[in-house]
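Structure incoming, see below.
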Amino acid sequence: MIKTETTWTPRTDLALEIGATLQAQSQTQTIEGIDIQTEKNQEYPITTTSIEIINEQGVKAMGKPIGHYITIESPMMKENDPDAHREIINVVSTQLQKLLPKKEKLNVLVVGLGNRYATPDRLGPDVSGKVLVTRHLKEHAPDAIDESINVVSSLTPGVMGLTGIETSEIIQGVVENTKPDCIIAIDALAARSPERINATIQMSDTGISPGAGIGNRRKQLNEETMGCPVIAIGVPTVIDTATLVNDTFEHLIESMLENAPNHAFYQMLQQVSEEEKYVMIKEILEPKLGNLFVTAKDIDEIMVYLSEIIFNSINIAVHPGIGLDDINKYSN
Amino acid sequence: MIKTETTWTPRTDLALEIGATLQAQSQTQTIEGIDIQTEKNQEYPITTTSIEIINEQGVKAMGKPIGHYITIESPMMKENDPDAHREIINVVSTQLQKLLPKKEKLNVLVVGLGNRYATPDRLGPDVSGKVLVTRHLKEHAPDAIDESINVVSSLTPGVMGLTGIETSEIIQGVVENTKPDCIIAIDALAARSPERINATIQMSDTGISPGAGIGNRRKQLNEETMGCPVIAIGVPTVIDTATLVNDTFEHLIESMLENAPNHAFYQMLQQVSEEEKYVMIKEILEPKLGNLFVTAKDIDEIMVYLSEIIFNSINIAVHPGIGLDDINKYSN
Amino acid sequence: MIKTETTWTPRTDLALEIGATLQAQSQTQTIEGIDIQTEKNQEYPITTTSIEIINEQGVKAMGKPIGHYITIESPMMKENDPDAHREIINVVSTQLQKLLPKKEKLNVLVVGLGNRYATPDRLGPDVSGKVLVTRHLKEHAPDAIDESINVVSSLTPGVMGLTGIETSEIIQGVVENTKPDCIIAIDALAARSPERINATIQMSDTGISPGAGIGNRRKQLNEETMGCPVIAIGVPTVIDTATLVNDTFEHLIESMLENAPNHAFYQMLQQVSEEEKYVMIKEILEPKLGNLFVTAKDIDEIMVYLSEIIFNSINIAVHPGIGLDDINKYSN
Amino acid sequence: MIKTETTWTPRTDLALEIGATLQAQSQTQTIEGIDIQTEKNQEYPITTTSIEIINEQGVKAMGKPIGHYITIESPMMKENDPDAHREIINVVSTQLQKLLPKKEKLNVLVVGLGNRYATPDRLGPDVSGKVLVTRHLKEHAPDAIDESINVVSSLTPGVMGLTGIETSEIIQGVVENTKPDCIIAIDALAARSPERINATIQMSDTGISPGAGIGNRRKQLNEETMGCPVIAIGVPTVIDTATLVNDTFEHLIESMLENAPNHAFYQMLQQVSEEEKYVMIKEILEPKLGNLFVTAKDIDEIMVYLSEIIFNSINIAVHPGIGLDDINKYSN
């Protein structure tokens, strides 16, 4: 049994969860090269965590590029509560605005990643199909809109298994033609913790990494590959089954030890690294579970809430003339 | 730590899985009061297992009422293979016919249980919405059909959470008005084994038990409550998360013991009954997982295959004049 | 060419349109046995017309039974305007309350008529699937609700072509089991005038007549057949193609006469009764158009607005504890 | 009242209907510059009409560019008859193959035009979402496929109202990246004749013209704009309401004249050109009907048949190794 040297985390797309793992591992609140700020809403259970990865030390620790990672957590996202959703939209749009390029007459391309035919993966297509688009109006009906409205176009490229084309190739072609100031890319993610499923929105200005999310997108979407900043908005909608079993296993062993402390057993478990256990679980589950994942029973309904929260937040963040009173007024 | 006396099984709706657990526990192929027959298809990987619970001993062992339980297993159900589906329809319709009342001018009510708005639970509504219905033709256009067609009506009662009415109350009212010779009730089930998900069709002539399936139907549908035989057709489309973790845990411990035999640990584990472990897992998972379950990534597509297999099998089993050459010809 | 004696109207389900035709025919505002009141909203273009058929003279004139017919018209119903929808919900719920039995602890059965698989006919199923149901809570979790909430259950019986069962037979069974004080039945209708499509809500306390609507329901749903008052809520979502052609034809001839008055022609047209022309058009169109109808291009989206307006109006009208601030808070 | 000089036709996207109008106008079977061939299937009511526009005279007469226009008509397309669909697929794939570039290792881009959220306009997205794509396999798993499979990728660009981007701009970007030998573009069309709705497949090698179809695509998709041949596949799924009224009006006047010949009237009608009448109808209908169209009652179901026929025909026409026995085996 060999302890691996490198920091290791079970599969998660959330910077917040990686940060939490790191904090647990280092048993301290401060991690070199990373700045973490937390803010709580007064009225609703909404927590905003801003992680900034400042330098290479932070990059190494987090396994993510330099940049801002904003995570908004609220169990109300998955509940049918329009008032709470309004406040969440308020928070998300405010935070999103911080990540947008500071520029007048902003030109934004909204890209909905994911597979519209797989419910927990359709968040991206749902948002890109609903967000207010204005680019054609600026061209074909310029009098219809004024300076309170910026230029927005939207693209739903589909997934490679259904198109035969790398998603990034489709987006690149459109970027060349529409020349946006930035891309906002929406994607469904995988999380580690059941509590975070459908209850967390993560935004960053560093784009989307390969292998992330449900559908294993293959190529990076970021400023380097796209030629303009890429703001990623992600919501975890599934848990990787092996990760779930692994985490339950940890809790289970803790419970068992509380009930029947056994030193020999404890010593043995100490010798098994977290990674080894995960790999063992993965080996057991993979042949059986290849195609299974953990999701919410009412995922169809929750997808409506999540896409409404995100497309309204984008509308408000992007257009000076749209505010909280316009929620759901500008959807397709 | 107390070993429970009673035979116990993690959550499954499949007689086959209970039987397998029993066989493993008794370490013998024969279980008193139960007759098990297995048949394999020549051409495709399709296995048919017929379990008959003969007497009270069998009832006690299986925890299910006296009657016939036919399980058809094939991984091809979830694959896009029309030829294999044709053969599966052949097997399912032949077996279903054995369970139908032997009678000329049969009058059948097909009931699709489950929630059409939750993908893995919509199997029932999909089938009852697609099956060939003829009852209104017999009444309103008698010349349109002859004796090769029996009387079929169909009902999709919805789930109590969306109707406020017990499913059985809705069905009873219709049974009183349509006076069928038997009910065929289709429902999505939960299974224990990942391999069986979307790859198993279970049929029985004993109706549907309370608490089974995904949606926790509350009242029994059987000859006693409905006044006519109730044939249940079920397909497991989800795994209970606690059951999955429990089973993985078992395999994991086996693996760990193989790698590092540890007597103290082994002794402790021997003292923990399967049920206790399940309850512990349940306790850990429940507060976090209340609303999560394990399902297939391509569940939307698989639901189309499964509902086609089942409604075609019903059409063929019920009507003397419909055969394998008519697959998909009589759907709504 | 024979002028028919009886009053005749092209196909419409709207009392309002029959009334308008009658007023046009009688060239007067007053029709014996019928009381018509109109009210306009201050802020939004919402018109409420209350027609009361008082006696047999009114019955004969209108071709509809004695009772109240309330029609709420607003082009904003089909627009994406949440503020206008809120005001429409205010008007509809207020009017609906007038039709409900005056009783404490009201027990209401909401029935969604129509075919959920045909978009313009799915209004009923959309509403009955979304309305707040409480009957099971009163039974299974009585502490969860108080006297501010009445008893509501909901049923989506489907259409005879897909069930083989008369809709009324399914409803009767449920009425016997749930013993409601009244039924609220929602259905999509056909209208005569293009302007009214998706822009009119008709409510009456006289139930639903046979042959009305899109799907040609066959049997009456009213107090006589159901044993309790039946409040019908209908929205025209299609136009009968022959009716549309007929009406256009009328306008066309008027235009042609204006441009080129021709006495011989005018005389001939005067000899052709409205009904004869309709029958001729019907004869020309029927063989070709059997299965075609006129509907809105964005019908999928409009259905969402209409079902939201109606289920929220029902929630507010039925439950003392639910008001305009709770819009969309209690949907399934 | 002025007779217009130019040949005029009510709105239709079908070359066949333009040809029929021309033949009726010229009262002859031969039209200069146009070659018309008709073929009937032996077993099923399937008619194939091949129109070739040979020269500028034909271009002028038809109002369409030089090229091949193949129309396959069958009422069985909209019926649930798998055997007839198989034969239609046979005919369509054979004809489609004639239009494809003659080349080994063909690289094809399938483009699904139209709005997936408007049922009669979703034909294109349904086909491009279902067709077998292989381009990513050639790149990422070359051993998985052999020379019996050609390179296919697929794109569903969406409509400008939902993306803010010209459809042609999105396609151009992808064409530059995937460099196909030809594009196959699928679109829903408008027809003149009710009989042709959902019962006609039109294919041509001349691309797609602006303003055609339901959604008023704005820019041409053809070899000139795309840099590779564009094969268009269209199915009429709606009728323009004004066209329908116009045609009914024609039939109606004929009927009236038969019943009551009136010379003055007849003379007047002779003075009204077809175009003038259409414009008058349009003027009457437009303000009321802006957003209405005529479509089939069971359009949702028919869309499944049509998309299956077309994606299977493309699969068979494009890949040497796929034949009629593989129908529905290679869909996503």
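As written, the chains take the letters A, B, C and D, and residue 1 is the first residue of each chain.
Assume a residue touches a chain if its C-beta (ideal position, glycine included) is under 8 Å from a C-beta of that chain, and two chains touch if they have at least 3 such contacts.
Everything numeric here is computed off the predicted structure, so don't read it as measured data.
Chain pair with the larger contact count among B-D and A-D is A-D, by C-beta pairs in contact. Mostly identical positions are employed by subunit A and subunit B in their mutual contact, as over half of the interface residue numbers are shared between these two copies. Rounded to a whole number, the gap between the C-alpha centres of subunit A and subunit D is 41 angstrom. Note: centroid distance subunit A to subunit B, computed from Cα atoms, is 37 Å.
Between subunit B and subunit D the centroid-to-centroid distance comes to 45 Å (mean Cα coordinates, whole Å). Of all residues in subunit A, those that touch two or more other chains are 117.
Within the complex formed with subunit A, the subunit B residues making contact are 1, 117-119, 193-195, 197, 214, 239, 241, 244-245, 248-249, 251-252, 255-256, 260, 262-265, 268, 271-272, 277, 280-281, 283-285, 288-289, 291-301.
If you check the complex, the residues on subunit A that touch subunit D are 117, 129, 133-137, 151-156, 158, 160-166, 169-170, 172-174, 176-178, 332. In the complex of the two chains, the subunit A residues touching subunit C come out as 80-82, 327-331.
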